[in-house]
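Below are two complexes that have subunit A in common, paired first with subunit B and then with subunit C.
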Partner chain A sequence: MLGLDAYHLSLITAVGISVGVALSLNLITGFCGQISLGHAAFYGTGAYCAALLTKAGVPFALGLASGALLAAVLGVVVGLASLRVRHDFLAITTMGVGFLFIGVVRQQDVLGGELGVSAIPDPGLGKAGFALLCVGFAAAVSAFSVYVKRSWMGFVFDAVASDEDTARVLGIDVPRYKLAAFALGTALAGLGGGLYAHNVKFIAPDSFGFVESITILAMVVIGGIGSVGGVVLAAVVLSLLPQWFQFIDDYKLLLYGGLLFAVMRFSPGGLAGATRAVLARMRGA
Partner chain B sequence: MLFLELFLQGLVQGSIYALIAIGLTLVYGLLRVLHVAHAGLFTLGGYLGVLVTNASGSLALAMLVAIAVVGSLGMAIYRLCYQPLLEKPPFVALIASIGLFIAMEELYRLIFGPYGMSYVQPPLQDVIVFAGLSLKLAELTTMAIALAAVVGLALLAGRTRLGLAWRASVTVPQMAASFGIDIVRIRYLNFFIASGLAAVAGVMVALLNNLVEPTMGSVPSYKALAIIVLGGLGNVRGTLLAALALGVIESYGTIYLGQLLDRDAIAFAFLIAVLMVRPQGLFGKR
Partner chain C sequence: MNGQLLKLESVTVTFGGVVALSEVTFSLESSELLGLIGPNGAGKTTALRSITGVVTPQHGTVTVAGHDLSGLSIQARARLGLGFSQQLVRPFFNLSLLDNVALAAGHAITRSPRRALFARDRSRQRAQALELLERVGIADAAASAPAELPLGYLKRLEVARALALSPRLLLLDEPLAGLNQQEARRLADTLRELNGDGLSMLLIEHNLSEVMRICARLVVLDNGRKIAEGVPGEVMSRADVRRAYLGESYAQA
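And then the complex of A and B:
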């Protein structure tokens, strides 16, 4: 594709998956205001489901779709929890779901246990084809996000995010929209997980732990919660940064942590919020 | 006998959880902030414990240094991180705190190295045998400290003017301020006590495992969040009970549920089960 070498193709693949997955969390946390600290669990569900299915001989596309479906089923279950608990309680519950996922996968020999699943079959698209597929995934999720944001559903998500009780009083079926946000977001995360599994060909529980959840959340938060453009930009930059600066790899987590803290402390609206503030000031001056 | 031994070990672990979680719940009670970085302070306490004990030979001195340094750092975190964010939506402080925690862990790894440190001559290693049950002196001390901390806090809150001001600031901050209570001072004190308790927990965990490592705070930090939610967020007594209960449940669970779940997931399975039935936590009020 475009005469790129294998290294660049693998970068593009990784970035495409990151963008898609970050936007999938943005649907839940950004649009609908439901904080999730366990998004990697859904990403991981998709990865495990797709990987085990294609290893068993199921076609690649069907494996991906099943992974997305299973992640969505799990997502709706966690979404049901979001109807019971809110805010801080929801944050802790979703974090718990993440730890529970890892805890269960680790102990199941069927799922590869500690050792994970290896030798995941190649989907047979070639490196360029696969990279193209992942970029397509990112583009499709972006387009879908913009579409949702402009739709009636996006409007309702916004209402639920800013004031759930008022939305309820206005006759909006809040539970249904929350569940819809969870179902959509987790299905897309599951799809991203399936792509990830077939990209790296090896998955283990540690790939889907709390750090991964926070990494995804960092992309959303640093980009600007709810902003599609900001999240895409942050996902691209944050997944490329360690590659550009190989020497930074040892400091990668320090950088993530520091950035997360600094953005929340100085610009809680993320890149998008900061841009908006600068634009407003320029217009005002 | 195994049954009792497990129970006792559960109580030791539960005491550690309590020392960490009580600090968290104090912070939550006063500020409504989920203070994830608390576990970073716990880890620092562990490092200071090992470093000072190895240098001076005195565990008591190490404990005091750890409390003073970590307590002050806790106050600094309040001033630099939480105070400016109190007016923002709650997730802002939470995510900032997670970021801070990750950065702290990485700093420890870069400064102290990834492999951890141990006491050269670990103190309090004598084993006490009573009625067929054996317990290390360090384990006994841990339980005693947890008990003393809870009793001390109860006395401070219930019997002193300062405690009265503290309770007033927790329940009705505006009213307390209008009665001339210096809310900011109360908050600093709150962070000092909470962080000091985390430091003590760090020193004791370092002693129990004879190891400190950069990531020793990860699991306790998230577990402590589960515990304070179970205890009903901001409720000290509920937190103590939830911590002890979780210690004991884990102790049995590792033996009887080990095939199904790993140890660290038990806390969250318990948490999710409880929250679905009682969204306000085991001991919380609506």
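And then the complex of A and C:
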């Protein structure tokens, strides 16, 4: 990594954060089947919390951990509220949480209001060190995702995502599993947010709005809901594209919204599902 | 071993204007195989659902081994030892037959998300699941996806999955529907064996010859009311029971 120039290090850093955050939503939406159109709110919570704390002199690691914790607390609260609603309503509820987050942050002077938080202190790891940390974050969330998928928790998530009512008949406490998914997924999103804040050193409400939520969801859906490998690939590609093609940045909502629609319409299994289908056809031929 | 395991007292359930169950009272002794019969729309499934918690009675109480179930969630009731095989099959379509049953067999692990997060090995539960699939006669399809299988398999999957919960009371809603005569007879024999080993069962079933063969006692519902109760031979010779039934089978013929 040390041979890379600053530009490539910053790309690697951004990609690492995106992969981790996309996988954090994948725990909730992909594994447990709970759609969220407001994931950026948790990412933003972690970012604001960590940034304000390190600005106040708290050590970087403690700031990151606090951001993750606060995001998880908020995640559990939203999870509790969402236990009463299902499917399409959950989409609307989480979208509402996303807008609420932006609305509240904009109004609060302590949170920097419209102007955001600037001059976030440098963690002192150097560009390469920070890039390495973000890659480590992505790798750790990937490993954790694979672990969860193969654990009994992942087994239960499969059942909850498929048919909640039947899961209950089998004695499974569905609400507690949903809350576990929300807590884990939002904590990791909060951690990603803290990393993001200390990478760009300046955050504003717009960084955590609806477009960001849709971008994260697009990575999960395009990658293939629930597939760790597919989501990693989609997160890498979708976070690099806007860096290479500047104009994409202006049309993100249109592009990702369109991609989301196309995937749901033509290949509900996303990249992972399409790959499996192609492999099966090649084997069959 | 003896004593009342299940008791419904004056259970009334209405859906909008429709009275599905009206003041229904009956009980099931420990180790009993009780048949619950009646024509279509009589309220049998509704009675079962008021036990599992899928529907909430407007009136009346359901107790299992002395526990009043009112206010308990579906999952809490399952954990009290109720195994439920549903009339309309509900397999997890994203899991193989074997894993559908293995998940239920892991109920001691899945009880707590924390335990589930730290447990990975599924081999014991899969072995147990395979035994249960063998027991109900569908082990040949263990690796198949539910979407590829006929109804007769999925009905037996429901039974195997309920058994995997190691229930103290097995609630079966038309488990023989969709099975051919030979398969139905075999599954009915299996149910009788399980009951012989001490498992208590409430069996809803339209296949009257199998019901008469394996149940020691029947409760008959018609139009949401209990119209008869007793040993099968006597119950089925009653004029009101025959009328409720024959009326329907003529209508169906």
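The rule we apply is simple: the second predicted complex is superposed on the first by the 275 of 285 C-alpha atoms of A that agree within 3 Å, B and C clash if a C-alpha of one lies under 4 Å from a C-alpha of the other, contacts with A are read in each partner's own complex, and residues count from 1 in each chain.
The rule is short, and it goes like this: contacts are C-beta pairs under 8 Å (C-beta built on N, C-alpha and C of every residue); 3 or more make two chains touch, one makes a residue touch a chain.
Being a predicted model, the structure only gives us computed values, none of them experimental.
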Contacts of A:Y177 with subunit B and subunit C, given as first, second, both or neither: second
Which superposed partner A:D158 touches (first subunit B, second subunit C, both, neither): second
Which superposed partner A:V148 touches (first subunit B, second subunit C, both, neither): second
Subunit B versus subunit C as contact partner of A:R265, first or second or both or neither: first
Superposition-derived comparison: subunit B or subunit C, residues of subunit A touched: B
Touched partner set for A:L217, first subunit B, second subunit C, both or neither: first
First, second, both or neither for A:L52, with subunit B first and subunit C second: neither
First (subunit B), second (subunit C), both or neither touched by A:I92: first
For the subunit B and subunit A complex, residues of the former touching the latter: 32, 34, 81, 84-85, 88-96, 98-107, 110, 218, 222, 225-226, 229, 233, 258-262, 264-269, 271-272, 275-276, 279
Subunit A to subunit C touching residues, read off their complex: 148, 150-153, 155-156, 158-159, 161-163, 165-166, 168-174, 176-177, 180
Residue ranges of subunit A touching subunit B (in the complex, touch as defined): 35, 37, 81, 84-85, 87-89, 91-93, 95-97, 99-100, 102-104, 106-107, 210-211, 214, 217-218, 221, 250-251, 253-254, 256-265, 268
Interfacial residue positions of subunit C with respect to subunit A in the complex: 52, 54, 73-75, 78-79, 84, 86, 90-95, 99, 103-104, 106-107, 109-113, 115-120, 122, 161, 165
